[in-house]
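There are two complexes below, and they share subunit A, which is joined by subunit B in the first and by subunit C in the second.
Up next is the complex of A and B:
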């Protein structure tokens, strides 16, 4: 057998490492460096220490964006989780036309975000949107998302749930499918009602899958950009801005690359905190399940 | 009291009939084994008694009350699954006490019952472990423990030992027999292993194709199988079946012959007229050599299995089929050696040819 040495393997790994270096590692280091400098077009970067971070953290627009992000993340991710769980259990319980419905549920994931937002803008258009007209026809309140901040937020939440539900659903549905049916038979014989089966068998056993889905969705949702940027642009009057949109504005509207970089690193920090909490829970869960 | 009565019990899956009308009375405290080849409907029948499968027709009575539409938890039954079906997220103690906690049994009482059961099954040291930390045999004990804790009137076992290795299976078989003696509960046990059936059962129910073939004490089924299927299924190794021609029937005795066999007079069984038939000869009644009044078979040794305590000789008869003989002790033979075996006609059984439309369909 031929012996593989470390040096023999390096050339094979090099292309991937090089790619990572160029598109991930170097830019990351550059962003860290930038976050400690004042920088804009036509101006030599100038070291300022932590002042970019202080500026961002004391900016009311950033705090507003952070608050919006947290609200949208918490509401959207948990609503989505409940819906996905309900749907996974519904699909598992044997509904008719399961295959066709499965395709229908998964379809939004195949739609590009830009197309999805354009579609929703049309559907909910205040003058000609079919859904707006339908709601009006039924005498229901209309989502005035283009000028009411609350309605706009609701719209963003609905849109992001619609776009990401397939992801959560697939994870939970797969987890439910993987559960052996004889556990339920044993539970039925042990005397469990359907509700008791859910609370005492299904939920604990799906726990790890739910946590994984939540973790991913928290991180995805935290860096949500296109839904907000394309739908409301952060408006009206920056009232629906989320952190990623704030970052974009700083970088490309105000050309303040230093504060934009600081914002990005603050997002990373926040995501890490979120993720580490979940990973801790996950490890405990997995250890318990074993 | 937990006697069971099945009358005309049927199961259809979308027009396909799996259980074709089963009538059976099971007395309180009896150990009944359902046995048959895979797909014979024995597990389905057990699951119908458990309430996991709907009953398409007929009635099931448990303790004198119609139970067709009673939910599993109200039937007073407990079941041990082939896969054990332990809850992976709960400890052994929690698994065993699951049913009690669902019924809101006071914790102290539940803990006491779990501890007592664990003691019976010698799994006290495992109570804090998760199922994944247990061996197959230990899991099986926990599964049985979970059933015992609930103190059911009927225990249902669905091939509980088939995932264990041979040595462990024998140990657990004895444990289950002991358990039945000590608990005195009604037990229904499904298996495809006729040794388990023979050793555990008060009565065996042989099923084939969703139809009960014969019900009776193990030894009665062994001695007086009602048809060739039961004869082939009960007893190990399987009974030899030799196609023969019935030449005459007179006063319950039939004179049969085949190339290389007989003519010989055997008990006619269900045969009433001359024609084709099957002669059933258990491997154990074949002995080497010949003697007065015995029926002789000539052939060559095709295969020899020496177990030390007994020798299995597969003989290809000069004029047709192979037969298997089990001879006590060690027998030194060489392959292809010419050999004669004989049996006493009174030990052979005669079956109608219609019993075995396809002789190769009998398992073993």
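Up next is the complex of A and C:
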């Protein structure tokens, strides 16, 4: 083995480190600095302590956006997890054409947010949307998403689940495939029912994969921007705004980079707190179940 | 017992059909609607038999030249970002796989931590800087941004894949006098091809479809296809659904075919990325 010398390996590491330093790390540090200053274009920044944070936290629009984000993340991520878990178990239970079905389930991964929004806007269009018409035909309530905030939120949840189900499914399915089958034989011999097998064998063993998938989805769903921006624009009357949309508005519509930076840091903090707290709870439960 | 198995089979069949419907219906619907004559798009109930027409594609071609320019921009940016991300990640992944040192461990923890920072956060400071450097509305800025947001995952993935290549191979090459770069090119890259493809799938799909960065950093010259489609959705004088569907189909088709062909590498990448990174 060649000796690890700093000069020997640095040239190979440099491209990755340079990109991250210039595009992510230095700008992030600058965001922290900005969040403690008041600045807009053509004006010298001025130190203001915590006032940007206080202003953001006391802004009803921010609170609304944070609430919407948490609701969308919690509802969408868990529904998605249940669907993915069900599908992973179904796939594993022996169904024909598994490879082709797998590819079909992956298909939404290739669809851009923009195209997905175009699909959703048409399928649920209030005058001509096929799904709206179908619901009307069946006498079911339609999603009045262009003016009802709750219905709009339902649309966003559906859309985000549709787009990210392939990811969650693949993680869980791979975890299920990796489980040794002799465990089930042992459980059967001991007289365990199907349900007992699920609660005592499947779920605890898939626990780590479920935690990882949840963590990823929590963190990524918290950043949601394009789906909401393109579907509702945050409207009607800012009622469906999520944190990333609020941040965008602050920075690029109102030129308030100080409060936008404070929003950015609050967003990162909130997603970490939500994810880690939740994962911590789950992990304890998984341990207790064993 | 027999009745129960029949019931279970039936239940599974229903579930499979529901999954297929959920995953494919929106896609099939948009593609088939792009081929429907104008009035049939809005037919109630939706028409499944119709005389296919290319009229929307003709309109797209004659009136939306900007869309095809957008596709060209998307292609340039996607190829550029993929090459940059793959080369950078392979080099770094090789070092992390073959060398161990305290500062290297710290640096890989840093790599993973960087992924916690949302892309929209860095747009705030980068926006004025990119403008001042005259990089706004160029392909280069998107190439750098797209590649950067995947080099972290890419490096971790490449390390995982390169770990599976026996070290004896590069040691043998080293004894023969090969330099580190030669080993990387001649020994590692050919054997790590599945990993390289897995990283490439991620970057291609992301760069081809990305909206936020393109929305903030490009205007006319480097405007990508998703941005043009978003303008079609938001056009004030009513949406021309037929043309929108045609554009969506054209934007979607290449990346969908790519994902279908590369599904093995996508699955390998997703699983390795989630468990190791």
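Quick note on the criterion: the second predicted complex is superposed on the first by the 269 of 290 C-alpha atoms of A that agree within 3 Å, B and C clash if a C-alpha of one lies under 4 Å from a C-alpha of the other, contacts with A are read in each partner's own complex, and residues count from 1 in each chain.
In this section, contacts are C-beta pairs under 8 Å (C-beta built on N, C-alpha and C of every residue); 3 or more make two chains touch, one makes a residue touch a chain.
This one's a predicted model, so the numbers in the text were calculated from it and none came from an experiment.
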Simultaneous placement of subunit C and subunit B on subunit A, clash or fit:
fit
Based on the superposed arrangement, let me know which partner A:126 touches: subunit B (first), subunit C (second), both, or neither?
neither
Once both structures sit on top of one another, what is the angle subunit B-subunit A-subunit C taken between CA centres, to the nearest 10 degrees?
80
Output check: A:191 vs subunit B and subunit C. Expected answer is one of first, second, both, neither. What do you get?
first
Identify the partner contact of A:269: answer first if only subunit B is touched, second if only subunit C is, both if each is, neither if none is.
neither
Taking the superposition as given, does A:201 touch the first partner, subunit B, the second, subunit C, both, or neither?
first
In the overlay, answer first, second, both or neither for which of subunit B and subunit C A:182 touches.
first
Once the structures are superposed on A, label A:95 by its partner contacts, choosing first (subunit B), second (subunit C), both or neither.
second
With both complexes overlaid on chain A, does A:74 touch subunit B (first), subunit C (second), both or neither?
neither
In the superposition, subunit B vs subunit C on subunit A residues touched:
C
Figure out whether A:117 sits in contact with subunit B (first) or subunit C (second), or with both, or with neither.
second
When the two complexes are superposed, subunit B comes to within a least CA distance of subunit C, in Å, of 9
Considering only the contact definition stated at the top, list the common interface residues of subunit A for subunit B and subunit C.
none
Given the complex with subunit C, which residues does subunit A contribute to the contact?
1-2, 4, 6, 8-9, 12-13, 15-17, 19-20, 23-25, 27-28, 30-31, 34, 41, 86-87, 90, 93, 95, 101-123, 128, 130, 133-134, 137, 162, 165, 167, 170-171, 174, 209, 212-213, 216, 219, 222-223, 225-226, 230, 244, 247-248, 251-252, 257, 260-261, 264, 267-268, 271-272
Where on subunit A is subunit B touching in the complex?
180, 182-183, 185-192, 196, 200-201, 204-205, 207, 288-290
In the complex formed with subunit A, which residues of subunit C make contact?
12, 15-16, 19-20, 22-24, 26-27, 29-30, 33, 42, 44-46, 84, 87-89, 91-92, 94-95, 98-101, 103-104, 107, 110-111, 114, 116-128, 144-145, 147-148, 151-152, 155, 167, 171, 174, 180, 184, 205, 208-212, 216, 226-227, 229-230, 232-234, 239, 241, 244-245, 248, 251-252, 255-256, 258-260, 263, 266-267, 270-271, 274-275
The answer for subunit B against subunit A in the complex is residues 50-52, 71-73, 77-79, 81, 83, 85-89, 98-99, 102-103, 130, 132-133, 146, 150
